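Report on the structure given below.
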Amino acid sequence: MEFKRRRRALIALVMVLGLLAGACGDKGSTSSDSGDDDSSGSGSGTEKSEETIRLAPQDFAESKTLTEVYGQYLKAKGYTIEIQPAKGFREEVYPGLRDGDIDMIIDYTGSAANELDPDGTPSADSDETYDRLEAALKDEGLVAYDYSEAEDKNALVMLKSFAEENDITTISDIKPVQDKIVLGGAADCATRTDCLLGYQDPGIYGITFKEFKALEYGPALTAALDANEIQAAQYQTTAPAIETGEFVVLEDDKGLLSADNIVPVMRSEVAEAYGDELQEALDEVSAKLTTEDLIAWNVGTDVDKEEPEDVAEAWLEESGLL
Amino acid sequence: MTRRRIVLALVACVVGVGAVAAWQRIQDLSLETQATNPIVRWEWVFLREDTPAELWEATLQHLQLTLMAVGIGFVLASVLAAVALRFRWTFPPITAFTGFLYTVPSVALFGILVTYYSNTEAALIALVSYTLLILVRNIVAGIAGVPRAVVDAADGLGMSRVRRLLTVELPLAVPVIVAGLRVATVTTVGLVGITAIIQLGGLGSLIFEGFNSQYYTKMVVGSALSVGLAVALDLLFSRAEIALTPWARRRAS
Amino acid sequence: MTLAMLLAADDPTSLIEWLTDSATRVRSGSIPEQAWTTVWHAMAALAVVVATMVPLAVVLAHHRKAELVSTWLVNIGRAVPTVTVVGLLVIVSLRNGLGFEPWPILIALVLLALPPVFTNTYTGVRGVDPGAVDAARAMGLSTTGVMTRVELPLALPLILGGVRTAAVQLLATEPIAAFFGGTGLGLYLYLGLAEDDVYQVQAGAVLVCAVALTADLLLALLSRVLVPRGLRIGAARPGDASRSRRRPDAPPAAATAAAS
């Protein structure tokens, strides 16, 4: 009698150990730590059509939705796609592109150009910015495809009520009241020339904010703005609250913020391996995308708390691409 | 006895009524009614197609990391315990060292390790070091706690040292060892939640994601699941403890 | 300062340099400032817990039936992960105009400190030699008098042990506030992880450990000073062999702090 019980207990323990062993075995295949191991055989530029194209979004909703949109469309076209979890912003994603850990990202022309070429001049013109980006990418072994007319520029936003109270319509208007203004933004804003560094630069705006608060880019940032924890936020022109009039975008009178059209960027080996077909597929999506779509997506993810994959799928179906 | 039964019955009734009410509410809802941000948005949990799979995956990730850490910790602790039992003078330094590891704040330890190792390696090293103190202590206490008389009896029967260890000392040490495993596992479940700050997923990332999108439901569900996981593992180990010591039960009854 | 200088200013080459060169902390605030934030959060929470739990535990220790309440109180602190408490409270706090701090982290830390302080006080008072209580009553002390002049002092080593455990736990967990919009030493960890700034992360980690260790040592010193030699845990007392003393384990639990 007692022997049977002992055996059952032993079996339970063995099962637990088995789960453990299974865990050890599975670890290599989960994509959550794919950033750690070196990509195996992807830099060889072979023409296997089963080879996976790895996309990585940046750590905010719009980037995730964009990546899902392009990724799901390519998947439907027959490519093997892997969409990795977001690990950070451009600073974390580009090294992955360069090292060959990821193959493609959906980026924004101006911000990418600023990241790769910090000394260059930002421009509000889409074509100029795209050329600047292409030139910068060439040295990195990366290539960009056609940019979309859909645009999401970085913008300094404020609560409409606060801006009206303090008579602020342009970014330069902040300077006289700079001691009252706490700037909020993603952590990477602090090291970007088109963000905090640009605002602080005496040659451009020369504003010394009361404080810079790093927050998660997204609803957390807007909630802080709503609660008046921060008075100005470096956010995006496609934010839902701008549409509803709750936030106002401050005019960039010194031309710091550049055009930011959606553009797929990928490693040149992958581009060569897949050729024109891939380009056509990507261009199809880019052509269909408009800025209103971006705003609608953000309403879905930020206000209605929907998942980026679902928003992406719904849009693809609505626009007839899926 | 009867008072307890009444209380249990009342609790069961409340839970039952609550469950029925919740189900009713879910039936009346659809994915379209998502304009508000209540504490728990049941539609997201039950009606959205992908959610159960995603929750399951997150739970599984969490469980895997926990079990791996406890498993490796157990192996290491056994080695350390064996050393401590064989060479008694090493016990205080070993305890001091593992105790020191336990004191290091977890967020800090993850932070520092991640600058030298990959995310998973860093997390495992940190998680394993937190389990060492309790496991070493319990393994040693378990085996050292076997009554001297029993050990002598085994020697008297002519058993070799190894045989004695495997057939007499270990079985008698099992309750204490399993108790240690239980505490270590539950502690680790909580700590794995923190590894979300180094992007290791699991249920902790649900909580952080929920915060970043200011979405109560994800946070509540994430923490409910991680508490649930801890409770489930706790129960599993307490059952195992009972099952592995049939002589204690017989003595009690 | 030109833009070039601003860009070049942040490239420390080692941990030591990060700690010593104040230009590296332009974005994340000065070390004393952040350290003080962390410390005062922990101290305030600890003060609240000690002020409420110690009297409560002393009173409850007298009632056998209070066993249930005690377990309930203890488990409240362990039940919900601190991370969730802080996150949810920050959302609520923002919506009600209370800002990112200090309320969310203070409440979370109070919940965290409940178990060690309460358990240790409870067990300490329970473990007081009944002979001493009888002698005190015989001398004419009222119940309150017995509590404050006999039980509390005799339970002091355990109470201080609980306070020490709690303090280290709190200091170890407070950094999590920075991941939810707060400040304090955790800000270095948060910003460092977000910006991939290795030295900032290391600096944050080293500072948190240093603060926790200092608190542990200071409280150990305090214990040594306040507790008479005869009462120290481990001291041999007459009647030890005949009396079973339950001594709860109170190891430094900095890890479980962040866990639960």
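Chains here go by letter, A, B and C, matching the order in which they are written, and residues are numbered from 1 within each.
The rule is simple: a residue touches a chain if its C-beta (ideal position, glycine included) is under 8 Å from a C-beta of that chain, and two chains touch if they have at least 3 such contacts.
Model, not experiment: these values are computed from the prediction.
Taking the definition of touch as given, a chain qualifies here only if it contacts chain B and chain C alike; those chains are A.
Of all chains, the one whose mean C-alpha position sits at the greatest distance from that of chain B is A. Of all chain pairs in this entry, the one linked by the most C-beta contacts is B-C. The geometric centre of chain B is 23 Å away from that of chain C, both derived from CA atoms. Averaged C-alpha coordinates give centres for chain A and chain B that are 35 Å from one another. Centroids of chain A and chain C (each the mean of its C-alpha atoms) stand 39 Å apart.
Touching two or more other chains at once are residues 211, 214 of chain B. Residue positions of chain C touching 2 or more other chains, listed in rising order: 91, 190. Contact with two or more other chains is made by residues 220, 223 of chain A. For chain A in complex with chain B, the touching residues are 2, 5-6, 8-9, 12-13, 16-17, 19-20, 23-24, 26-27, 30, 32-33, 35-36, 61, 85, 87, 216, 218-220, 223, 301-307, 309-310.
Those residues of chain C that touch chain A in the shared complex are 1-3, 6-7, 10, 27, 91, 94-95, 97, 99-100, 181, 187, 190-191, 194-196.
Against chain B, the residues of chain C that register as touching in their complex are 79-81, 83-84, 87-88, 90-91, 168, 171-173, 175-176, 179-180, 186, 189-190, 192-193, 198, 201-202, 204-206, 208-209, 212-213, 216, 251-260. Every residue of chain B that touches chain C in the complex is listed here, in rising order: 99, 102-109, 111-112, 114-115, 130, 133, 187-191, 193-194, 196-198, 204, 207-208, 210-211, 214, 216, 219-220, 222-223, 226-227. Of all the residues in chain B, the ones that touch chain A in their complex are 34-35, 37, 41, 44, 48, 50, 61, 63-65, 67-68, 71, 118-121, 199-201, 211-215, 217, 236, 239-240, 243-244, 246-247, 250.
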